[in-house]
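First chain written, first letter: the chains are A, B, C, D and E, and each begins at residue 1.
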Amino acid sequence: MAATNKANMDEVGMNKGIWVEGRAKKKVLEFLNGLLNSKKLEAVLMPATNRTKDSYSWFLMGKDGLLESADPFPPVMTTQGARAVSYLTKKGRAWKKTAVLLRPCELRATIELAKIRQVELENLVLISFDCPGAYPLEKYFNGDQKKLDEAFDACLSKQAELEGARAVCSICNRFTGRGADIEIGLIGGEAKGFWLIPGSREGEDLLEGVTGSASHKLEAREKAISELRAQREEKRKQTLDSFQETVKGPENLMRVLSSCINCHNCSRVCPICFCRECYFDSKALSSEADAMLQRAQRKNGLRLPPDLLLFHLGRMTHMSISCVSCGACEDACPADVPVSMLFSLAGRNTQAVFEYEPGRSLEEAVPYTVFKFEELKDFEAPYIKEYSKEQ
Amino acid sequence: MDEKKEFTPSIIYGLCSWCGTGGSETAGAMHLQYADNIRPFRVPCTGAIDPVYILRALIEGADGFAVSGCHPGDCHFDSGNYRARRRMAVLKTLLETFGLDSERVWLRWVGHGEGKRFADTANEFNDHIKKMGKNPLAQRRDT
Amino acid sequence: MADQKTEKIIVAFLCNWCTFTAADLAGTSRLKYAPNIRIVKVMCSSRVDPVFILKPLLDGADGVLIGGCAPGDCHYSKGTFYARRKIALAKTLAGSMGLDPRRIRLSWIPASEGPRFARVVNEFTKQIEALGDNPAKREVYI
Amino acid sequence: MQTLIDSRMTMPDFIAALFDKLDLAGVAAMTKLPSGEKAAYTLLTDKDDIEDCVPYFPAMPANAARAVSKFTRQAPPSKQVAVFLRPCELRALTELVKIKQAAVDNLLIIGFDCAGVFPFSKIRLSDELKLKEYREAVAKGKNCEGIRPVCSACTRFVPEGADIAISFIGRNLDEPLVLSFPSEKGKEAAKTLGLDSSSKVEASPAVDSLAEERGGAEKKLTEKIEEALSGTDGLISVFDKCISCHACSHVCPICYCKNCYFESQTFEYFPESYFTRMREKGALRLPVDRVLFHLGRLSHMGLSCVACGMCEDACPVNIPVSQIFKTAGAKAQALFGYIPGKNRDEPLPLLTFSERELEEFED
Amino acid sequence: MPKASTVVIYGTNLSGYRIAYALSKLGYKTIMLNRGAYVDEVRNQVLTQLPFDLCWACAYAPQRLFVGLGAMQILYNSELLELTGTAGNFKAKVKKRDPFVNNYICAECEKCIDACPVEVEKNGKKQKAVYVVPKMFWENIFLIDEENCTKCGKCETACPTGALKMNPPVEEIEIEAGAIILAPEFDEPGEAELAPFGWGRIPNVVKSSDIARAALATNFTEDSFRRPSDGKLPQSVAIIVTPHFNEKGIEYENYNASAQAVYRANKIKEMHPGIDVFLFCRDYKCYGKGHCRMYERAKDNGVHIIRTEKLALSVADGEKNRISFSTCSTKELTDKKTVEMTILITGQRPPTAMKRLSKICGIPAESHGFCDIVPFTCAKTEVNGVFAVGEFTSPKGNPETIWEGYGPLREILSWLGEKNVAKPQPPVLRDVSHEEAKTGVFICSCFGAFSDKMDLESLVNRVKMFPHVSHAEIINGCCTPSSIQETAAKIKNSGVNRVVLAVCTPTQKLMKFRKTVMIAGLNPLLSEFLRLREDVIQVHTDPARMEDKAAAMIYAAASKLKTARALPTLMDNIGSSVLVIGGGPAGLEAARYLGEAGYDVHVAEKTDHVGGMADILSKDLEGHEIKKYMAQLLEDIEKNEHITIHTDTTVTDVSGYAGNFHVRFETKDGETVEVDPAIVIIATGALEAKTDQYGYGKDERVMTQLEFEQKLAEGKITGGHVAMIQCVGSRNPKKPYCSRICCSDALKNALTLRKQGIDVTICYRDMNTYGFKDDYFQAALKDGVSFLRFDENHYPKLEASDDALKIKINDISDGKDKEVVSDYLVLATGMDPNRENNEVFSNLFNLRIDDDGFFDVESCACPYEDASKRIMKPFELSSNGVFVVGTAHSPRSFMESVMMARQAAGKAMVILSSGKMAPPNAMYVSEVDTSKCTGCGLCVDVCPYNAREIDPVRKVAVVHPFLCDSCGACVVACPSSAAFLRDQREDQLIRTIDGLLAV
C-alpha cells in the first residue's frame, strides 16, 4: 500500500538497493514474471506495444504471465498511467494484488489522484523508474520508430539527454521513481545493470529473494542523480522563465493560444482533470444568443465557441496546483499549443505559493482543502486607513 | 469611444452575505458616498467565490474585481475566508504569471461594522483601477 | 487462431412480452435447445441500443440474438419498427467495420411460440458454430 | 437550379451592406484573430470590424455548426444575425436543429461553395503561397494540394439550405460575389439589399468538373477504407493507436451529448470486472471499450455524419477517423435513404419507420 | 385552573434570548421585558464578554428573527412591577412604553428626519430631534431626543407608514405567565469599583470592554489600541486583571477574565511586536479549554506576566501611567513600571436589579449579591416557576450564559400549559414549472423617499426593455403590513413567475420580502432581493449613474432568475430517541433529563455498573451533597421507563447521520443491541492522571488527591502534617492544560483537615479558584492553611526519609527557600483524557480530538468555549448531532459536568421535539448532481459542518441537508460543479456576472 507513506520510507531507508546486472528491460520483466509465478503478485498493469507495434498501450496482465511485448520503459506516453490506474481502481481497490509500472510523473499523478479518491492504492504495488523522458507522440508516429527506439534505449542507462524528447521532459527535475514501492534505479548504473530499490515494506517484501549484489553502492547513483537534478533544475528555471517572457501579457498569451480550437482535449487526457463533466463544458457557461451578442459588443467581437481563455486559466485555477508536468496535454493537442509548458509554468508558480509538490507525499493535503490561520497576507490588499480622510 | 470622456472602470465587488454585505450596509446606513460604477456581486461566503467567476468577469469586460468578506477568524461559516484567501492567491499568482494584471483583483477583509472601510475600499479600488486604465484583456475578441 | 471447439456464447436480448415469454414457455414445455444462450430481458426490443449489440461482439460473444414481438404485434405498438431500424443499423455498421453481421440475428417470436424459440436458438447456435469463434474472443489488442 | 445573380459587391461590401440594410445585430464568420496568425469563427457586432472577416479562409478550427449551436441553443437572438457557413457546417446545423441543439430563428444563413479546407494546424494567414494555390484551384474547380482527404472526396460542396448562397467554384474570390437566394428569407433579404434578377449569371462549368474529380476521389477513399477495415484484424489495426481521448467526439458537430455515453458511469467498471476479463483473455488492454467507443459512436451519430472532417483534424494519433466515419456513415445512411443535412423537416431515421421495410434484417 | 403557557423573560441577556428561542421552537410564547428603548440599549454580554475578539453580528442576529414571528414579543421601556400568583399561573404586572418608531412598520425612509425642524449639536455632529441610532447589527433604530423635541408633530405627519408615534403612552399591563425567567443584563463595574485602578481619574486607563466595543467597529485592528489621550499607538501597555485585586464587588473572576487578559496581550504583541506588554494578575486562572496554550503563547510572544498581590496606579508624567506593585504579600509597593496605556479586565459586579427583583419575586440573593440558585438545578430559584439565568446568578462569560439557556427548559416546561404558538402555515404556492420564465421587476419607492433621489419612472422604462424582463413597475414599499399586501397583489396581478424586488436590505427584511413573494403565490427561490437603498440611494448622488447601477443590478438579477428553479423546502424526519454513551454522572443526568421529558434514552456503559467516578466523591468544595444527589439520580433513572441501561457494552458500529443514527453495540455476552438514536450524547469521562513524580507509587505516604480524599473520608487521616503540591505534571508544555478541579479539591480537603486540627501546607503555582470559589481560598487562609507559592520553573523538591517527608520549596511570595516537613504528600495530578476511548469514538462519529486529547469542540454539536461563533448560532445541528459533555469534553468539576449534561440535553430536547427538521437555510442548501459527481471528496474535506459524505457504494457525495448551512464551500471545491447551491447554480452566477457587465 501507499508507497509514499513517510514513516514507511524512513524505516525502509534508501540504502538497500539490490544491484542487478544485465539489461534492465529484460531483467525487470523477468522479475515481474517471477513475482507472478510465485503468486506474490496476481497481476501487472504496464505498457506493452500494441498490435501494429507502432505504439504503446496499457495492459493488465496476469495468469498467463506478461505479454512478450510488455515494455516497462516505453518511449512514448500514450495514456497517462495514472489514468490507467484510475480506470482500474476508481470504483474500489484492485481486486488482486497488482503491480503498476509508472513513469515518475505518472506516479506523482497517481498519488494526487489517490488524494482525491480517483485511485485506491490498497492492493497496488507501485513501481517506477528513472525516466529519460518521452518522445512527442506526433514525432514518434511520423518518425523512424526503430531509430527512435534505439536512441531511447541508449538513454535509459546513460542519463544522457533524450534527444527530441518532449519539452516538459527535457526540463523535468523529478525524473526518478522515488516514492514508489520499488524504484528501478537506472541512473548511475552505466548500462551494466541497475538497482531495485525498495521504497516501502511492501517493496522490500517483494524484493526478498531477488538475487543480486548489494556491493554496488548507491552512492554513485545518488551522485549522478543530484548532478542531473541540479542541471535540470537550472534548465527548468531558465526555460520556464524565458517561456514566461514569451507568453506574458494579453498580446503574447493570446498569440500562443490563437491556434487553440477549444476542443478541451488537453483536459480530457490530463490525469489530474478527473471531472466526469468538465466545468467548462457544462451548462454553467451557456447563455442565450443575446447575451453573447452583448459580450461581442463589449469586446469588439466574440470568438465562437466562446470562453477559450477562460477555459485555460480557469482550468489552471482548478488543477495547476496538482499539475505534475507530465505533458499528456500537449501530446493530445491537435493544434500544437504548448499546453504542457503553459501548465508547467502555471503549476510551478501556484505550487510555490503553498510549497506544495504534487505527488510528493500522500499525507500532504491538496492545498485547497486545508489552510493556515496565518498565511498569504501578501495577497490581501493592505488597507490604508487614511485613504479618504474627508469622509 | 470618446477619448475626452473620463474613463469609468467597470468594477465588480464580490461580497459575502455576512460581513462584506454588512460592511456595505453600514456604509449605506452612514450615507457614505463611494464610486457608483461598482457593482455588488453577492455570494454566501467569500469561500464560495470561484476564481472562475473573477476570470470570467475580467475576460468579459470588467476592469477590476474586488472581494470582501469577514476578517480571518470571523467567518460566519467557520473557515470559508481562509479558503477564499488560498484561491485568491492562486488566481493572483496565475494572473501574475501570465502578465494579466493581477492587481485588477483585490482581496480585502471588511467587517460588518466597517462602513468606512467598505467605502474606502470601493473608492480606493476605483481610483486604483482608473490609474491602471482599461483592462486590455476585456477588449479582445479572441479570448 | 480461434479454437473451433470452444463453447459458443450467444447473448440474447429478449423482449419481456413476446420472446422472453416464449423462452419461458419453452422451458415449461421442457423443450430442449442449445445451452449457449445467455438471456438479457428487456422490456421491448426497441430498448436494444446498437451499442448493446456491438459491445458483446467486441468483448468476445459469438453471437447476439434479439427477440421481440412481430411487427404490428408489439406490446408498445410501435417498438419493433424502431427496433428493426436499430438492428438494421447495427448490422450494417458491423458489416462496414469489419465485424461479421451474421453474428447478429433479429427474430420475431411471439409469446405462444415456445417451440419456435427453441428452433431459433438451435438454428442460430448452429449458424454461429459454423462461423467459428468470434475472433475478438481472445483478442487482447481490441 | 437557383437563379444566380451578380451582386456587384465584393465580400467586404456585401457584409457591410448586410449590416447597413438588414439592420443586423451581428455577423458570425471566420475572422482574423488579433494575433494575426490564425483565424477563428467569430461573432462581430460592429460594422467597423468586418474588414477582419475572412469567410473563405480554408481552415476549420471548429465546425461552425457547433459554434452556432452554442450561440443559439439556450435562446436564438432576438435580432437578426448573419452566419457564414460551409456546406458541411450548414448540413451539421440542419441536423442539430432536428435535435433541438440549435435554432435558426433570426439567423440569416449565408452558405458558400467549399473548395475544402486544410488541416487547421497546417494553415496560417501568412501562408500566402498556399492561399494563392488555393485560389487558383478554386477558380479552376480543382482540388487544391494539401486539403484534407475528406474534403478532397467531398461531393456535397454546394450549400444546401442556405438563405443566401455564394457561388464560388470557378470564380475569382476577389471579384464581386455571385449569389443565389434559395429561401424565402433569402429572397426577402435580396429585396432589401436591392438585388434583382437583372444581373443573372450562368453557372460555372467548374462546379461539374470538381464534382467529377471529387466523385472519383470519394470512390477511392471508400475502397481504401473498406479494405483497411476488413475483418476483426482490420478493425483492430485501424484503431490500434487510439488513446481513447475522445477528441473526435468532442469536436464533432453532431455529437451533442453533454456527457458522452462512453464517458458516463455506464462504462466505469468495478475492479473485479477488469480482473475477470483479464483472466479470460490473459491480458486486458486499458482503457477498455476503445473500439466500442468508435463503433458505438457511429451507431449514435453515423446517420447524421456530414463528413466535415473535424474528428480527423483533432485526432492526436492520426487515425483517419473522418474517412472511416464518412464511409461507414454513408452506408448506414443509404440503408434508410437518408441524407443528413438535406432537409430540416426530414425526421431522423431512427425516429421514424415504415411498416414494411428492412425485412431482410429479420427472420 | 389550567396553566398559563406564556413565559415572561425579564431582561435581554443571551441566556434569556436562548430560552426565548428554544421555547418558540417548542411552541410557547415568550414576552421579553426590555428595559431599554431598543434592543441592546442595555448592553448584554454579546459585545464585551467574549472569549475572543470576534464579530458576532451574523451569529447573534438570527435569534432576533423570531421576534415578530409571533412566538417572541419584546416590550420596550418596560419594567416588572408586581408578580402575583403561583407557578403555572403567575400574573405579572408590567409597565411599558412602545418605542417612538415601530420597527416592524418603519420603512426607514427617513422622512421624519427630513421633516424635523430641530437641529442640535451632539458630540460635534449635527443631529435632528428624531435621529437614527448608529446601526445595531442589522437594524437602524429611530429615536426621539426627548430633551430637545418640540413636539411639533411634523415627523408624525411626515411618516408615510404610521410607524412613528410621537407620544406613545406609558401603559401598565398584566401578563398571565406560566413561568418567569429573570435574565437581566450584567452590570459592568463603574467608577466606584474601578477607582482604585485609576479608571475615570487617570488618563489612558481603559476598560477591556471599551476596547472590545471599539474593536467591533474597526475589526480588531490597530485602531482598538490607540490611547485615548492623543490617539497614538502606545509603546507600552499594562493589562490588569482587576478581579484579582480584591476590590469590593468585582473580586470574582468570571469565566474568561484571565484568558481575556492573555488573549488581549497576545493580540497586541502579535500585531505590534515592539510594544511592551505587562500583564498583572495574582494568579493566571486558565481553567478553560485552550487557555493554558494561550498562556504558553504569551510567554513565547514575550509578554511580561507579573504575578502580584497588590498594585496601585498613578500618573507617571504627562499621560503615562505608573503602576506600583509588589510580588510579595508582605512587601510594600516597591516595584514600579511606567506604561503609556492601561487596560483593565473588569469582570462583572453584583446585579443592581437583585434587590428589586428579590422583593417582587420573593427570591433571595446569595452572599455576594447575585441571585441564589438551588444546588444541582439549572437556574431554579427558591420560588417555583421563577428561574434566573446568566450573569444574574454569578459572573459569567458568553459560552456559559448561552448554554444556560438550554439547561432549565424541561423545568420551565413543567409549569406551562398547552402550546400556544402554532407554526405559521405557508401560503399555497403556484406550480410554475411548466411556464416559460416571465420576470417582473418591482422597484420600491420607499414611500417616495427613493423617488426623491432618482428618477424611478425612467428606471422602470429602461428595465422594461431588458430581454429577460416582462413586467416592471414601481411599488410603494414591501415592509409594512399593508405594503406587503399591496406589493403581493401587484405581483400576482402582473402574472409574472419570477420576481426581482429592488428594495432595501434583505439581511434585515428578508422574511418580509420572502413573505411578499409567497403571498403572491411564488416560491422565494424564484425571486431576487436587491438593495436599492444600501447599494444605490444612500451611497451615490449622480442620478444618471445611480440609474445605471440600479439597472445593471436588475439586469443581473433578472438574468439570474431566468434559470431559477422552484424547489420545495427540504425536510428530514428525525428520530425521537437518544443514545448516551457513558454512565457516569454527566451521562446519567442527560439520560434522566431526556427520559423525564418522555424521550427514549439508551445508556451504553462500558463497565458493569453505572455511576462512574462519583462513587468516590461525597461533597464538593461548596459542600453540596454529591452522594445524596447521585442516589436520587440513580433512583430516578431506575424508575423511569423511558431509560434503558446497557452495561458491559462496547459500541461497535455507527452509521447514519445526525437525526438518524444507527448504532450497534455488543454486550459482554456477545449479544448485539441496535438502536436508532436521533442524537448521541457522549459522556465517557476522563481519567485521574497518574504520575511517577515525588515517589508516587513507591512511597505509601505519597498519594493523589482523590486517594487522599478517600482515606480522609474513611477516617484514616487522624493527625500529623499534610503537604499538597499542585499542578504535578500539568500546565507545562507537555500537558498544557489546567485540570480545573485540583485547587478546589485541595481547598476542600485542607478545610476538612483544619477542622480536625491537622496542619496543611499547600504548595501551588496559581490558585485556580474561579467565581465564588475564591471565598474558600480566603477561608483557608483564615483557617490557618499555609500556602507556599512556587515558580512554574522551580517545582518543590522532596527528600523522603523513613520518618518524614521533607519538601523544599522556594516561596516566591517572599523569595525565601523553605522546608516543609510532612507526614503525607498529596499530589494534584489532575485529569487525563481517556485517549483510548476518545480515539474509538472519534473514529466512529467523525469527531476530532483536540491537542490535549479531549474531544474537539469544533466537530461536535456542543461547542463550548473556544468554538465561539458556533455557540451563538441557534441552529440546532450546524454540526453532526453528537454532543460531548462532561469531562470527555474538557476537565470539569462534578457540578459543572452535570450542568453541561443538562444543557446539552435541553438543546437535544429542542431538536427532538420537532420530529422533522428543515435545514438552517432551508431553501438554499447545497445539493449534488450525481451524474457529474466523481466522488473525489474535495467537498467533504472543505465542508465546515460535516454535512457531506461520500456514499461508499455509489461513490458520489451525499448531503445531509439539515447539517448544511449553505456556505458554498463545497461548490467552489468541486471543479465540475456537481455540487451546487439551490439558489446559486453555476450558470446563474455566471449570468449574474454577465448581467452586471451588460449595462
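Quick note on the criterion: a residue touches a chain if its C-beta (ideal position, glycine included) is under 8 Å from a C-beta of that chain, and two chains touch if they have at least 3 such contacts.
It should be emphasised that the depicted structure is a prediction, and the values quoted were computed from it without experimental measurement.
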| item | value |
| --- | --- |
| Shared chain contacts [chain B and chain E, defined touch] | A, D |
| Identity of the most central chain, Cα criterion | B |
| Pair sharing more residue contacts (C-beta pairs) when C-D is set against A-C | C-D |
| Most distant chain from chain A, judged by the mean position of its C-alpha atoms | E |
| Longest centre-to-centre distance from chain C, chain (CA-based) | E |
| CA centroid of chain C to CA centroid of chain E, Å | 70 |
| Centre-to-centre distance between chain C and chain B (centres being mean Cα positions), rounded to whole Å | 63 |
| Centroid distance [mean C-alpha coordinates] between chain D and chain A, Å | 36 |
| Of all residues in chain A, the ones touching two or more other chains | 50-51, 59, 67, 90-91, 251, 254, 258, 276-277, 279, 282-283, 285-288, 290, 295-296, 298, 300-303, 318, 368, 383, 385 |
| Set of chain E residues in contact with two or more other chains | 467, 931-932, 942, 973, 986, 990, 994, 997 |
| Residues of chain D engaged with two or more neighbouring chains | 31, 33-35, 40, 42, 44, 49, 78, 236, 240, 259, 264-265, 282-285 |
| Touch relationships between chains, expressed as pairs | A-B, A-C, A-D, A-E, B-D, B-E, C-D, D-E |
| Chain A-touching residues of chain D, taken from the complex the two chains share | 25-26, 28, 31, 33-38, 40-46, 49, 52, 61-62, 64, 66-68, 70-79, 81, 106, 120-121, 236-237, 240-241, 243-247, 250-251, 258-259, 263-265, 268-272, 274-275, 278-279, 282-288, 313-318 |
| Chain C residues within the chain D interface of the complex | 49-51, 54-55, 58-60, 71-72, 78, 81-82, 84-99, 105-108, 120, 134-136, 138-142 |
| Interface residues, chain A side, partner chain D - complex | 42-43, 45, 48, 50-52, 54-55, 57-64, 67, 78-79, 83-84, 87-96, 137-138, 141-142, 251, 254-255, 258-259, 261-265, 268-269, 276-277, 281-283, 286-290, 292-293, 296-297, 300-306, 331-336 |
| Residue ranges of chain E in contact with chain B within the complex | 52, 54-55, 57-59, 132, 134-135, 137-138, 140, 216-220, 505, 507, 531, 533-542, 545-546, 548-549, 552-553, 556, 858, 869-870, 924, 942, 944-945, 965-969, 971-973, 981, 984, 986, 989-990, 992-994, 996-997 |
| Residue ranges of chain E touching chain D (in the complex, touch as defined) | 467, 931-932 |
